[in-house]
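Consider the two complexes below, in which chain A is the common component and chain B and chain C are the respective partners.
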Partner chain A sequence: MEPIIVVEDLQVAYGDKVVLDGINLSVEPGEVFVILGGSGSGKTTLLRNLVGLMRPQAGRILIDGRDFTSMSAAERMDIRRTMGMCFQGSALLGSLSVADNVALPLREHTKLEESTIDIMTRIKLELVGLGGFEDYLPSELSGGMRKRAGIARAMAMDPKVIFYDEPSAGLDPIVAAGLDELIRTMQSTFNLTSVVVTHEMESVRIIADRVCVLHQGRVAGIGSLDELERSDHQYIQQFFARRPDDPGTADADYARSLTNID
Partner chain B sequence: MIDLVGRVGRWVLERFKEVLQVSVLMVDTVVWLVVAPLTGKGFRWRSSIRNFVEFGVRSLPIVGMISFLIGVIIALQASYTLDQWGANRYIADLVAVSALRELAPLMTAILIAGRCGSAITAEIGTMKVNEEIDALEVMGVNPIKYLVAPKFLAMVTAVPAVTALAMLIMIFGGWASAVFVVGVETEIYVTQTIGAIVEKDLLTGMIKSLFFGIAICWVGVYRGFQVEGGAEGVGRQTTASVVTAIFLIIIVDLIFTVLFYYV
Partner chain C sequence: MKIETTVTADETIIAVEGDIDLYSSPELRTAVLKAVPRATTGVGVHLGGVTYMDSSGVATLVEGLRSAKENGKTFSLVAPSTSVMKVLELARLDSIFEVRSG
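== the complex of A and B ==
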């Protein structure tokens, strides 16, 4: 099958600080593809490039075989409607109710009747287990519920691909497990291609079909969990075994060079 | 010395870049203001009306009170000089002209900049920090169209509307102190005021206030989009927003005053 997302030699920098350097990967339709890496390894940056919030310095991103990086703004808008994104902080509009948040893309992009939008919103909220919370403001929800509402909003336009940025970060283990389950359910119910950024091994073991490990702005390895566990890449072994860094190693230096802390 | 030249050069370049960015923002906003209503349900009228209530109606109490007091003050100050010539009846002329041409538009703009310009910066800045702006963009919703255009329309209508009321109230304040403190007769005060006001004064004030509204909105929005790095960044830009807006209001005021002086 044709991959739905192809990334070729992607290079991204903030100013002259190169954060991603020569990323190559591809995502198959219908799989849960996990991007794994430590804090500051450039996971969010990669995701922002995949959804077109940033332009790379070099390289290409193909979505459904079309070059996402060099297309016109109108074409990019078209492609974006086939994508949903769940932000790390859920990024619900604070001034709108949960239902209005989910309805927003429908109101902006479709000519559906208000009553139809209402029903569709309810269905999406039921789907993520938030039935009955339509009229709540985001600030009245718990962290886990906000994440779920974010997923409902990302699902509003029935996307072909959904991106999650650290879905379980900052949540307690039980709520986090619930979200992992939801990600899996979404994938199996809608055959939804899912790209999940995370640094939590527990999550990865539950949701991942394939994993891509990011390290120092490069891909340290891609494959199924089994394949990676057998990898002899030092960083991957260390990450999977949760072993701490030795201070003074190249890794600690690299982190310092990125964050400018001395 | 070279260091100084370099620094000044960089400062000028920075400002130039800012002006460029604001210009892009302006063009975008106006385009959306014109284009969005044509494309059917594009323009968010309800949001704009809500903003108008916030910027205009809710500013009335404070603007009204300050305008009244300033009216009282100008009348008393005017009397200080005019009394020597037995010309207290001209208090009315002075109050009317300064209220219409200068003080009502200026005070209204400064108060609304403090109340609402900063609030716009805080709102947009917080949305940026919370990735809400990014979320809009990923959903294919243009943030300028969704957030800025309604605020812009509300601001450029609210500021002149409030200014018009402030003019009235300021003249009323002048009347109050002229009549009850200085001892001018109401009839004389009213005749003098009507005689003093010419259409051009009113027009001058209203045109100024329109441009004040534009300045407040764009500074607020621009500073909001400039927010970087968390709540601290929001605070920094909010403060900067008020200072920039007031500075710009004075500059706009100066330009128009000079312009109307010759026209």
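== the complex of A and C ==
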């Protein structure tokens, strides 16, 4: 089976600062692919490029074999309709009810009747455990419930691929475990391809089929968790062992950042 | 998606083939909501040839069931595949439909 996402030699910079430097990876249909890395590793930038919120300086992203980076705006919109994005802060519209937030993409992008949309919305909310909360405003929900509502909205259009940006960030372990279970259930029932950006190792152990570790804008390793745990890559070992940076290295980095002298 | 409606003395059968998704489900909805009030006793939606069904398909079947109840008709799903049943189960709507094998 062909990969659903292929990234080739991706390069992204903010001004002079190169954030992603020659990224190559592929995501198989139906897998949960985790992008793992510390703060500033480039994982959120990679995600933004994958969903088309940013354009790279060089390289290509193929979605279903089509070059997502060079296509027209109309073609990109077609592809984006097959994707769901679950943002870190949920990005729900505060003035709309939970149900209206979930229904919004269906009203905007399809010709479905309102009665069909209403049932679909209720199905999605039931799926994420928010049945009965249709009329609540986002501000009336807890953090975990807002995340779930965000997933329901990302699922509204029955996407082929769903992207999650730090789904468990800021949640207590029980709520986070519930979200992990939900991600797996979605994957197994709909054969949904999931790309998850996170640095929560506990979640990775539960949800990941394969993991890509990013370090300083480059791929440090890609494989199953078992394979990566046996990796001899210094940063991967440090990340998995939760070892802090050597203070000497941190001092040198600090001095370098102030003086611009290598 | 391909739809074929067959009217018999007992029941109207709507046979569906292919994918039921956001773009094809309105056509199925039209066929179902048209068939239900005209059916003698009820409607059976034959899902044996369905290769994929998303939540718009589930919603369409729910609308068909609602319409059948309002019109005093039966509404059943015929020969749904395992993947169709899995979607209905996940939506926790598998038990509201009468399902038969063929």
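Operating definition for what follows: the second predicted complex is superposed on the first by the 249 of 262 C-alpha atoms of A that agree within 3 Å, B and C clash if a C-alpha of one lies under 4 Å from a C-alpha of the other, contacts with A are read in each partner's own complex, and residues count from 1 in each chain.
Assume contacts are C-beta pairs under 8 Å (C-beta built on N, C-alpha and C of every residue); 3 or more make two chains touch, one makes a residue touch a chain.
Here the structure is a predicted model, which means the values were calculated and not measured.
Look at chain A after the overlay: chain B and chain C fit there side by side. Once the two complexes are overlaid on the shared chain, A:Ser115 sits against chain C while remaining clear of chain B. In the superposed pair of complexes, A:Phe190 makes contact with chain C only, with no contact to chain B. Using the contact criterion defined above for the overlaid structures, shared-chain residue A:Tyr136 touches neither chain B nor chain C, since it reaches no partner.
Of the two partner chains placed by superposition, only chain B is touched by A:Met77; chain C is not. In the superposition on chain A, A:Phe87 makes contact with chain B only, while chain C stays out of contact range. Between chain B and chain C, B touches the greater number of residues of chain A. The three-chain arrangement built by superposing both structures on chain A places chain B and chain C 90° apart around the Cα centre of chain A, to the nearest 10. Contact with chain C, but none with chain B, is seen for A:Asp158 once the two complexes are overlaid on the shared chain. With both structures placed on the common chain, the touch criterion links A:Ile123 to chain C but leaves chain B unconnected. Of all Cα pairs linking chain B with chain C in the superposition, the shortest spans 15 Å.
Counting contacts as defined above, chain A residues 111, 157 meet chain B in one complex and chain C in the other. Those residues of chain A that touch chain C in the complex are listed here as 106, 110-113, 115-117, 119-120, 123-124, 126-127, 157-158, 185, 189-190. Across the complex, chain A is touched by residues 21-23, 25-26, 29, 54-56, 58-60, 62-63, 86-87, 90-93 of chain C.
Across the complex, chain B is touched by residues 48, 51-53, 77, 80-81, 83-85, 87-89, 91-94, 104-105, 107-109, 111, 153, 157 of chain A. Chain contact summary for the complex, chain B toward chain A: residues 40-41, 126-127, 130-132, 134-141, 146.
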